Amino acid sequence: MRQFSTNEFLFILAAMQWTVVLSLLAFALGGALGGLVAVLRVSRLLPVRLLATGYVQLFQGTPLLMQLFLVYYGLGLFGLRLDAWTAVTVAYSCYAAAFLGEIWRGCIQAVPREQWEAAKAMSFTYLQQLRLIVIPQAVRIAIPPTVGFLVQLVKATAVASIIGFVELTRAGQLMTNATFQPTIVYPLVAALYFALCWPLSLWAQHLERRLRVDNAMGRKK
Amino acid sequence: MTRTPRLFAAAAAAVLGLVLGAGGADAQTLDRILKEKKIRITAQIDSAPFGILDKDNKPTGSEIETARQIAKDLGVQLELVQVSGPQRIPALLSDRADLAISSLSITTERAKTVWFSSPHGALSIVIGGPKNIAIKGPADLAGKKIGMTRATLEEQEVPKIAPPGTNIVFFDEHAATQQALLTGQVDAIGSAAFLIADLAKKAPNMGIETKFTVTTAFYGIAVKPGNLDLLQWVNTWVFVNKNNGVLAKIYETHTGVKLVDLPPL
Amino acid sequence: MTYVFQFGIVLDHFDRMLAGAWLTIRLAGLAMVLGLAVAVVCAYLRTAGPKPLRALVGAYVEAIRNTPLLIQLYVVFFSLPSLGVRMDANEAALVAMVINLGAYATEIVRAGVQSVPRGQIECGVALGLTRLQVYRLIVLFPALKAVFPALASQFILLLLGSSVVSAISANELTAISNTLQSTTFRAFEVYIIATIMYLAIAVAFRGLFAALYWYVFVRGRGR
């Protein structure tokens, strides 16, 4: 029987790089697409708004696992064989865009009405209002929840194992199967995720504190 | 913003082109493999003893060795397409793998979706227990406590042959089932034959032995429907390697039990 | 040869998929109620509890939010038995989901609590209410109202996240789908139907939340 030792630990540690790479990729592309979704969600044109809402509902309403499966294997049935990298890029971008778009929409709408109206009074076009007045203010509110979502995204990369990526979770499963020692492997994997995510969480909380005044229920200031 | 429509148009055209281009007739798969000098075969590396990672984290196991032997006999390079259980068939049907070799038991239901070769291996479900427990056949199970693992072939098959009065208890993992036998919580267990052999080695003082075989499931190599040329070659390969003992050697090396006689499909 | 979809083979087992979907709904629904209860208690402890408890809740929230649900599930299912706690698959799945949702919801409810204007809390204190009474009678209602959308999103995430509990053989929608695709090999048909069912459940829950919001927070409720 194979024992869990340094070799197995290194295997899991090496798999962590895929978790990081996939997270960064999804965040960068999902962010770009998410910005578009957010803007479309607050569009003044009803059909555009509906389209964006439908997009968000579809990608937030179905498991990421199924989305990735259908993009990678489903499209393959019709001869559209994306390679593994393209498939994860497409699927994770669409997924992240739905969530980031929705977070950012909330932030855009949190900017007081008067700001729009003032900009309009200065005869800015709609896009100018958005770009020059509203978005710079929305970004301030948006940063903490965005970093918070990044934590979710790191954990969501585990799903990429269905198309052959051996990332952190999959590496843990493989080592469990090889060593039959789940009580060692899974707490270790949990600790590694924690090491990746906790700094991000702390950063998000730090940003939140800096950007928001709280009443601190029960805490005297 | 003026750029967006053009971008959309370009993307739409690209997608349409790919979809339309895909409908064309399949080239002969075997010829393609020989020309590209590469065959892609599914590798399920989380299911010992069929596929598992060895000490250097290289895939090994009876099904992986079978894949290696096939590539060798074709004289082409082997590309192992790593999958877990639910992706074995999608990988085959979406043309990401030429063959699925992942201990696929042959059933009529499954044959509606993929084409099976003649079986190249078998999985026997047996009742195993310590020497001092007298079990000769299904009738002796009455009044005994029999352990087995959930979501396995034994979970489906053993209850069918168990007489009334058999007390069947389920565990979630093979390790738990085996532990229950070793600690005497159950009289015997239903399990794959090779696991009983493994257990007998692990606990030599218990005298654990195979009591009788409940059922034998045969597993084969699957090809995408329509790939007749490849299927024909695979069947020939199975025939040859069954008779020259290569299949039996691979099976016995990895499972520790003898391969039963394999009937043709 | 192009692939021909055979939904009929899958639809023959549609009742099993419905049963799986029903378990998904029950697990998620129960986890939502229990998780929210955990969150309301923990959010209080986190903001107004004694210091050690505050730190303990903080550790719980951080530990859960920064590790994947699947791993939490494995720990509950594989590690707790060695401490003598035995659960069947559905119970373990529910426990893991409640623990998971509880942590996220604690953080959300806490944010809601802190968004309640200071003046209201001081009013309560001036009226001679205890901290717990202030929390229960004054803070909780507007806090939950403020964070209701965030809670609803978290619930939906949990609903979809529940697909991972198939890993420990709870027979919910994903587990049934995996079994069906393994017996029929019709993975595409099975997963497409499962995806549509998830979407329908998610949309239904969103509708339910909207109705709940209106019923509890809007309908002439002058608290």
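The chains carry the letters A, B and C, assigned in the order they are written, with residues numbered from 1 in each.
Throughout what follows, a contact is a pair of C-beta atoms (placed from the backbone, for glycine too) under 8 Å apart; a residue touches a chain by one contact, two chains touch by 3 or more.
For clarity, every value in this text was computed on a predicted model and none was experimentally measured.
**Student:** Could you quickly compare A-B and B-C and let me know which has more C-beta contacts?
**Tutor:** If we tally the C-beta pairs in contact for A-B and B-C, the bigger total goes to A-B.
**Student:** Tell me, please, which chain's centre (mean of its C-alpha atoms) is farthest from the centre of chain A?
**Tutor:** The most remote chain is B.
**Student:** In whole angstrom, what separates the CA-based centres of chain A and chain C?
**Tutor:** Centre separation, chain A to chain C: 19 Å.
**Student:** Distance-wise, how many Å sit between the C-alpha centres of chain B and chain C, to the nearest whole number?
**Tutor:** Centre separation, chain B to chain C: 36 Å.
**Student:** Going by the contact rule already set, what residues in chain C reach two or more other chains?
**Tutor:** 3, 187-188, in rising order.
**Student:** Quick one: which residues in chain B touch 2 or more of the other chains?
**Tutor:** Correct list: 23, 86-87, 90, 93.
**Student:** Multi-chain contacts only, two chains or more: what residues does chain A have there?
**Tutor:** Residues 69, 73-74, 77-78 of chain A each touch two or more of the other chains.
**Student:** Mind listing the chain A positions that touch chain C in their complex?
**Tutor:** 57-58, 60-67, 69-70, 73-74, 77-78, 102, 106, 151-152, 155, 158, 169, 172, 182-183, 186-187, 189-190, 193-194, 196-198, 201, 214-219
**Student:** Going by the contact rule set out above, which residues of chain B touch chain C in the complex?
**Tutor:** 23, 26, 85-87, 89-90, 93, 107, 109-110, 112-114, 150-151, 172, 224-226
**Student:** Could you please specify the touching residues of chain B with respect to chain A in the complex?
**Tutor:** Within the complex, chain B touches chain A at residues 1, 15, 18-19, 21-23, 45-48, 52-53, 55-57, 81-84, 86-87, 90-91, 93-96, 175.
**Student:** For the complex, which residues does chain A have touching chain B?
**Tutor:** Listed in rising order, the residues are 2, 7, 11, 69, 72-81, 127, 161-164, 166, 173-175, 177-178, 180.
**Student:** Which residues of chain C touch chain A once you look at their complex with the stated criterion?
**Tutor:** 3, 47-48, 62-63, 65-72, 74-75, 78-79, 82, 113-118, 121, 131, 135, 139, 149, 153, 156-157, 160-161, 163, 174, 187-188, 191-192, 194-195, 198-199, 202-203, 206
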